[in-house]
Structures are given as structure tokens and as C-alpha cells.
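Report on one structure; see the data block that follows.
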Amino acid sequence: MTGRFSREAVIRWAPLLVLIALVILFTAINPQFFSLRNFARITISSAPALMVAVGVTFIILMGSIDLSMEGVISLTAVLFCMAFVRFGGNLAAGGWLAMPLILALGAGIGFVNGLIHVRLRIPSFMASLAMGFVGTGAAVLLTGGDIVKVDDDVFRGLLTYRVLGFPLMVYVAVVFLGLGWFLQTRTTLGRNFYAVGGGEDLAHASGLNVRRVRIAGFTLAGVFYAVAAILQVAKLGQAESVTGANFMFISITSVVVGGVALWGGVGGVWNALVGVLIVNTINNGMVVIGLPDYVQDGMLGLLVIVAVVLSTDRRAAIVVK
Amino acid sequence: MYQLAHVDKKFPGVHALKSVDFQIGRGEIVGLVGENGAGKSTLMKVIYGAYQPDGGQILIDGKTVRFANPRAAMEQGIGMVFQEQSLIANLTVMENIFLGYEQQFVRFGVINWKAMAAAASAQLAKVKLEIDPATITSALSFAQRQLVELAKVLTLEERVQGDLVILLDEPTSVLAEDEVKLLFKLVRELTARASFIFVSHRMDEVMELSDRIYVMKDGAVVDVVARGEKTVEQIQHKMVGRNVDKEYYREQRQIPYDAGRELLRMEGVSLPGRISDISLTLHAGEVLCLVGTEGSGREAILRTIYGMRTPLTGTVTIKGQEITRFTPRNAVERGVGYVPRERKIEGIVAGMNVYENMTLSQMGRHSRAGVLRIGGERALARDWISRLSIKASSELADCGNLSGGNQQKVVLAKWRSGGSDIMLLDHPTRGLDIGAKEDVYDMIRDMSEAGVGIVLVADTLEEAIGLSHSIIVVKDGAIQKRFDCQPGAKPSLYDLLHYMI
Amino acid sequence: MDFQRFKPHLPWITLLVLIALVGVVDDTFLRPANLLSLAGDIVPLFIMALGLTFAIYIGGIDLSAQSMANLITVVASVYLASMGAWVALLCVIVGFGLGMISGYVTTRLLVPSFISTLAVGGVAFSLAQYLSGQRALNMDAMQRDAVFGWMIGKTGMIPNELFIAAGLLAITLFIERRTTLGRALKAVGAGEPAAAASGLNVARYKILAFAISGALAAIAGLLFSVKLSGGAPTIANGFLLPAIVAVLVGGTPLTGGVGGVLNTAIGTLIVAVIRASMLYFDIQATQQQMVFGLVLIGAIALTIDRAKLRIVK
């Protein structure tokens, strides 16, 4: 049936079309928007957000939600800086050790998050929200409200060293995006996220260990949040207890704008990528075309609604909550 | 081969299975019938490992076994084909078939999709389904999904040494007649490799397919009937424990309708892709049955009358007034009541009590300036609980905890107490046991006598023939034929089937 | 004792246990004057939570509540001079209207409420920045006292804010239990398809729920600006998550149809006691947020009635 095929095709490509339309729109208003420098700027701001979005995509695919990212990023960013300084303060001297350490820590926090959600049977919204408080609280406790700096030119090379006009951190994000895509399409765990999101009780009845899949999902998300934290430190050169601020709403908004359904089972990491780019393009474009800063939040809100309306298949949802 | 000996199962306050003996031989098809609450589903759960018996033994080839969970039972060759929608819609067919058993296709943590697709194709060939295993399941028809379901269970064949026992739980409930025939043919062929336990509410189907039939009542097996040994009536007598009225569909109570009072008229109504050029009339006291296969447009007609869909062309006239705005609110205000097929989803609100459910469609009548008169609501609910003998502890009981039959009575009471005189009934007896079905039939006759016009989509053709004054056969969204169904001059099954397919 | 029957009472039992615990450590906590002022301090949070209850009760969420309150502090500060007492009406209308927009976007454009309310919150934030010129505003103290002074005074030893809270609780409780609106919202939350198939205008009721949420957030903002005698676009930041937590801890789960405004009253008190207890347990400022999170996990684990959640997502 061609009718259905075209509808499915449109839905599949709609987020990308929205992104292209935005690029054309902003370019038409200010041609400077369409430049390598500006695209590099968009991708730099997108890179950490993309890691968060990929992480939370796995959770949302399962029909759950994770609101812990702000706390997790703050905590892992602060600890990363501290560990980095402790291990010698530069990458070559042993600072690199901080990276696997922090990724493992992110996994650990995610694991605890999943454990609380699954074992104590607390809905993920509440469990992860509380875990977010704990994370931010721990970051406050560790820093005492201070800023921890990382002064290492090699590490900051993630931001400063450019290949083909884009800084290294963008390539790092792309590599982890590829990893996310690999997990999603080629591994049992990734496919099991879809099974849980598509029908949890059915998956359970088929002998799937749903609890284990859920905990694994939160653990995986924790790793991606830790990557985001490292990239954010590379971008800012420092960490504090509010490093993770604003990531929660932006990442979830991006994921939904990209076409991942909040009720689970639909979408994937490509949707997260397109969604993050849409949101960051809007943010960047509003600055480039010189919109007064006080209208930007409202404009972002309106454009997000338009993007969701245009780019997602909401007919599939019987009940929109 | 597979045997249950003196199996007992108790729940707090309920003795669900009482010393049940059950056995099935290699290649045998065994039917399992009983009213709702007779213990069928508990027995099935014991068989496929969801419940562990409190007493008695499960024997396979004479050896005692014990299953901790369904997966353990599967490993012993016992598989379950669930009623409907037990495939995960957003996954591909092959993923559904091998869900939970993907490990065999994983090398170094990577899924080999080609190998899985090949293996899935082999399984689909067993059920003679030729589809691409990479199809997303939601794109399949109900009948195809049922076959995929069966193919999924048949993967046990490769995994398990020894014999297979496959439970089919109401496998025909979403299938049309011809699809049922295909399924039965397939099951018979598959007896070369597996034994089947067949559970259904449709007695004729059970009689047709099964070699032996276990009849359950009150948690015990009351009879085991070999093929052709007893009639439907005799088995039903065993199930209910009393004689089922010969006049099952209350035909003796069918009185002519009032042809002078027209309640509803549809003229040339079309919904693209669903129904086209539907014209019909409904009179006071008339039971009008819409007959057709699944997806023939019966439900779309009901939903259009109820205002849940807006037709592209044509007119709907209710009591002389043409409908211009199609909303349920509008229809309800004109006296239309709708008993949906999905009782638990659209019929009742679980979590709300009986009186809240009953007045949900007519809150305006029980309130002044938006403030509810709860005393009045409760009195009304008490009245209808006794009138329809609804088994609920009180009007404060949570509707979600009532049995299916009583939930349906609450839904009917919701509309009747509000004075609806055009009733749209979509599979009103689906999933109900005989006693509850008869109550619904009585209520339909009561409403008919009271001058209510009823548009009915029945669960079976027999039901449609038995209950109706008129039958309209729908196929591919268009009306094929209209029959008059006066008692004594009713069309036969064959007459209807001829126009349906 | 039958645990199932015991479960619905867990929220207020948790509250009493918490109060008793803190009371054992420091008996000054239990002094009526202390408890009353503690209760008085959380009234703006409570009112916001009360509004959120409606959004959550129908299975949605309202993330605009905080921005709404921010906007209203600005609106109240800007227009008090010219409108006098009528500014209160303006505030409620603005809140109700923006809530309706959230509801409209959610129900008619089928955008999940998580996104739609966030977006409307962004609009409210922009409005607040525009109106305030991106700076903090002050009310004229004399005029504030003349018009709204009664809100923050005391009657005997009871803060007047508590009367406002009690009044709003009574009104919302009446709406929830005794009106067709409340019944319809319950039906929508517990079984939206059945509510629609019963002929209810589901979309209209949902829009109303978001509008009520917006109006109550506005009242919270108004009270807040009166208390602080001014307004700013970020003055109420930090209210949203505690308000959501208050609703959830009280026992209104995100799935909708269960719980209600009375639960929220208890939930807000639990949050307030946990926060206040930090002082009595000598927990340092840097540790407070972490401890809050940990205690929260415990409180939620204790209070939610899992029997009513079919699947824990």
C-alpha cells in the first residue's frame, strides 16, 4: 500500500526534515548561520547534550524515565576534575586514569538508580528524581560550593584541537553515538529495551528477565552521562555542583522532538541525534539572527511544540499524557 | 505422556483446583471447557508453569516434574499460545519468535540477524505463513499474529528433546470463520509433532477439534467426553449443572418491533477505508444485527453512530434530527448508549466504584450547577444492582474487581438508568460464561420490549440469528444483504456465510 | 493486621512518625508555635503542589508551575500600583489562561504534557523577563500592606497563610469529591478510553485540569511576591521539584486516577518536616540536599501504594 508506505516514510524522516527546514530558515534570515564556524559551535554545544540524550533514550525506549542526569553529571564532573588533578593534573602523567574511573562510576550510579527503581518498586520518575538530588547533593558536599578546575592543554585539546574544523570532542561524541547505535541494533540488550518498551508483561511472559534489562539500561545511561560530564569539563575547563544544570529538560525535550515516544518502544539513537541538533540549532539560530535574549526561552518553547507536532507520530498513542 | 494427578491449588478463600486428574497422549487434541471461574485458567497456569500446585503431582512420561516458572515448563516442552496481542507490536516477527532466546544467534556479543531471519523463516514455514521475518509485528493481521504466536511456541521443537504439549487459549476469539478453519487444519497437521490443549468458549469449535473434552465446574473435572459421545446441550448441562434452556436466545420472547417509530436512519454514510455507502434504519424495539468478518466495518458503523468518527459523506439521523456534530457527547444526549467490545478498557473505569461508573455518562442528571448529589447516585446504583442482580458487595465496590459478567451489567445499567433508547452493543457477551450470557440475552429482550432500538454486533453467528429481528451482512465496508429474522423464519448460518465471504 | 487495609494510610502515618522522630531529638520542634510557623512557611509550595495534583491526577504533569509563579510575582509587582486589589484577579486569569494553553497543546495537538508544559513554562519565563526588564522588582511596601497585608499577618498565633491554604484545600477537595468536574477528572485519570466512551468531553476536562493547575500556581506566585514584597523572573526557582515530590510522596502516582488533594496536603507536610528536620539533626548546609534525596527515597518507598500501580515503570 503506497499510502501507508509514504506515511511511514514521512514519519521516519520528519525530524530530519524539520532540522533541514530550521537550517534553511535561519540561513535565510542571516546567511552567516550557514558557516563551518557556526556549525562547529552548534556541534560543540550539542556534544555533551547528545551523550545525555543517547543515555536517556535507552531509558525512554523501555517506557521509563530518568531524571537523575543533572545530579549524575554534576557529581561525575566534579569527581573527574578531582581525580584528574589527583592523578597528576595532566593527561600524560596519569590524568587519563580518571576517564575509565569516571565511566565506571557513572555505571555504578546508574546501577544504584536502577536497583532502587526495580528492587524497591519505585516508579523511575520518582526514584531517578531522588537520585538526582543525591547526586547534586554529593557534588555540593565534595566541592563545598567551590569550583574545581582542570588546567591541562592536552585534555583541553578535546575542545581546542580541531580536525576539519570540528573539535575533537565532537568526534568523541560521534564515536559514542556509534557505540549507542551498535548496542541498539546489534546486541541482545539493545533489542530487549524495545521488547520491554513494547510490552513489558509480554516480554516477561516470554521468559525475559525484565528487571535485569531495566537495571542494565539505567547502568548504561549512567555511563553515557559520565561521558557527557567529561565532555562538559573539556568544554568548560572546570566543574562545580551546578555543572549538570539544565541537562534534564533539554535532553528529554530533544529526545521527544527527535521522535522517540515517551510511552516506550519507538525511536532510537538517531532520533536522539536529530532531536539534539534541532534544539541546539534553534538555540544557536536565535542568537545568530539577533533575537533579544528575553524572548529566547519562549521562542524555544513555541518552536519545540511546532517541532513535536511536525516530527512525531502521535497518532500511534491512544492516550497522550 | 503428560499427566496431572490429584492436583490441588488453593488461594486465600478459594479452592481453585480440587484434586484434578488430567492426561494427554502423544498427538492428541484435548478440549477444556467450563464456565468462567470454573478453574480453567488456573489449571492452564499450573500446566504452563505460572502457578505451582499445592498438592498432587505433575508427571511427564511417568516422572514427577516441578516447574518454577513458565520458562522451566518450556524447557520440558510445554508451550502456551496466549489469547491475543501477546506479541510485542514494535518488534519484528523474528524478534518476537526468539524473544528471550536470542543467545543462540549471538557471536561475540553481536546478533547475527541473517541467521535469526533464516531460523525464523523455518519456524514460519511450519505454520505455512509466508511473510518476511523482518516485518514489524504491528503490520500483521490478527490471524497472522496468531500464527506467528504458534510458530513461536513451535521453536520448542528444536529446543526440547521429547514430546511437546501446546496450550491454545481462546485462539479463535479474534479470527473470522475461514481463518478458524485454516487454524484447525494446521493444528490437526501439527499433531504429528505435538499434543494440543484447546480452550475456548465456543462449544461448536471445541467439539469439532478435540479428541476428548475435559469439562470443569467449580474447580473440579466433572466429566471427560470422547469425540461424538455427547451433544453440546449435554456438555453445557454438565458445565452449568442444570439444563440450559433450549430457547437459549430467548426466541420465545421475541415480539415484533414498532415499525412506525423510526429511531435511527443512516443514509449513504461513508468513511474512507472503512465503510462505504451504508444505509440502514432502526426502529423502536428492533434488534438489528450487523454480521461480517473481523474488519468488515461493523465496528466502524457503531462508532459512527456513536459519534466517535465523523463520516465523509452521508447523513445520520437520530429521532428525526440530522446529526451535524459527531461527538459521543452529542450522541449520548440524544439517547444513544454504547457498550464497547473492550469492556475493561472502554466499558468500565477500573478504580472507580459501581455508582461512579453508572452515572459517568449522565452526571448532568445527578448534579446541580456542577455539584453532585451523591445520595441520589448511590440510591440509583442500589436500585440497578438489585434489578439486574449484579453481584457486588455494595455500590461502593471497585468495578475493576467485579467479574466480567457483572462488569457488563454495570455498563448496561449505566445506559439504561440514563434512559438511553438506542443501544449499540459490540460483542456484549464476549468472554462471559453461559449464565452471564443468558442474563445479557434476557436484558436485550427486556430492552426490546421497552421499545429500545438495539444495534448488535454479536459474538457468534448463532447468537446473531437467535437474537435479531433483522440482520445486515457487511463485507469490506459495504452492505451485502439484509435478512428479516422472524421467529420460525430465520436465515441459516449458511445463508449468512454465503454473503460474508 | 491486614497490611492491604493498612497501606492507604501510610502517608499520614509516615508523617506522624517523622514528626515524632524529630520531636524526640528536640522537643522544641513539637511546640505548637513552631509547628504552625513551619506550616505557614510552606504555604506557597503547598498551593503549587495543590495545582500540580490536578495535572498529575489525570495522568499528566505540569512543569510550567514554577515559571508561572515567577511570572506572577512580576505581574503582581508591576501592576499592584495601578490595579490595587484587582491585580489578584489578573494574576489568577493569567495563570488560568496559560494553563489552558498547556492543556490545549496537550489535548488538541497531542504533544505530551511533559513537553507542552515545559514549553509554556518557557513562554512564561520570557514574558516575565520582558515585563520585569530582567531585574528584580519591589512592591511599594505601604500599598502591599494595605492591599495584601492580611495574607501574611497572624490571627492569634496562627499565620493567616494557613487559612488561605485551608480555604484552597477545602475548595479543591470539594471540586474533587463533590462536583462533576472532579468525578470526570478521576475517570479520565483512571480510564481515559472508558471516560471518552461514556460520552465525556475528555479534552475539555483535561484542559480544565491544566488551567486549574495554572491558576493555583498563580496564587502561589502571588502569595510569594506578597511575602517577599517583590518579584523577579527567577525568584521562585527551586519550587517545582519539591512540589512534584510533595504530590508523589502524598500518594498521587504519576499514572493518575488515584490519590488527590488531601494526599498532597500530607505530602507537602512530609517534605516540610524532612527539610526542617535537617536543622534539628544538625545537618550542615552542604549535606542537606544529599540527605534530602536519601530520605526522599525512603519516604517514597514507604508511602506509595504499589497495589494500585499495575506496572512499575
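Order as written gives the chain letters A, B and C; numbering starts at 1 within each chain.
Assume contacts are C-beta pairs under 8 Å (C-beta built on N, C-alpha and C of every residue); 3 or more make two chains touch, one makes a residue touch a chain.
Because the structure is predicted, anything quoted here is derived from the model rather than measured.
Asks: Per the definition at the top, count C-beta pairs in contact and tell me whether A-C or B-C has more.
Replies: A-C
Asks: Hey, which chain ends up farthest from chain A, C-alpha centres compared?
Replies: Farthest from chain A by mean C-alpha position: B.
Asks: What whole-number Å value describes the gap between the mean CA coordinates of chain B and chain C?
Replies: The computed centroid separation for chain B versus chain C comes out at 44 Å.
Asks: Between chain A and chain C, what is the separation of their C-alpha centroids in Å?
Replies: Spacing between the chain centres: roughly 29 Å.
Asks: Out of chain C, which residues touch more than one other chain, so two or more?
Replies: 193, in rising order.
Asks: Show the residues in chain A shared as contacts by 2 or more other chains, in ascending order.
Replies: none
Asks: Residues of chain C touching chain A in their complex?
Replies: Listed in rising order, the residues of chain C that touch chain A are 58-61, 63, 105-107, 109-116, 118-127, 129-130, 134, 192-193, 241, 244-245, 248, 253-256, 286-294, 296-297, 300-301, 304, 306, 309, 311-313.
Asks: With touch defined as at the start, can you tell me which chain C residues reach chain B in the complex?
Replies: These residues of chain C touch chain B: 178-181, 183-184, 186-187, 190-191, 193-201, 257-258, 308.
Asks: Considering the complex alone, what residue numbers of chain B touch chain A?
Replies: 69-71, 74, 82, 85-91, 95, 99-103, 106, 109-111
Asks: Quick one: in the complex, what on chain A touches chain B?
Replies: Residues in contact with chain B: 186-188, 191, 194-195, 197-199, 202-203, 205-208, 265-266.
Asks: Any idea which chain A residues touch chain C in the complex?
Replies: Residues of chain A touching chain C: 62-65, 71, 116-118, 120-127, 129-138, 140-141, 144-145, 200-201, 249, 252-253, 256-257, 262, 264, 293-302, 304-305, 308-309, 314-315, 317-321.
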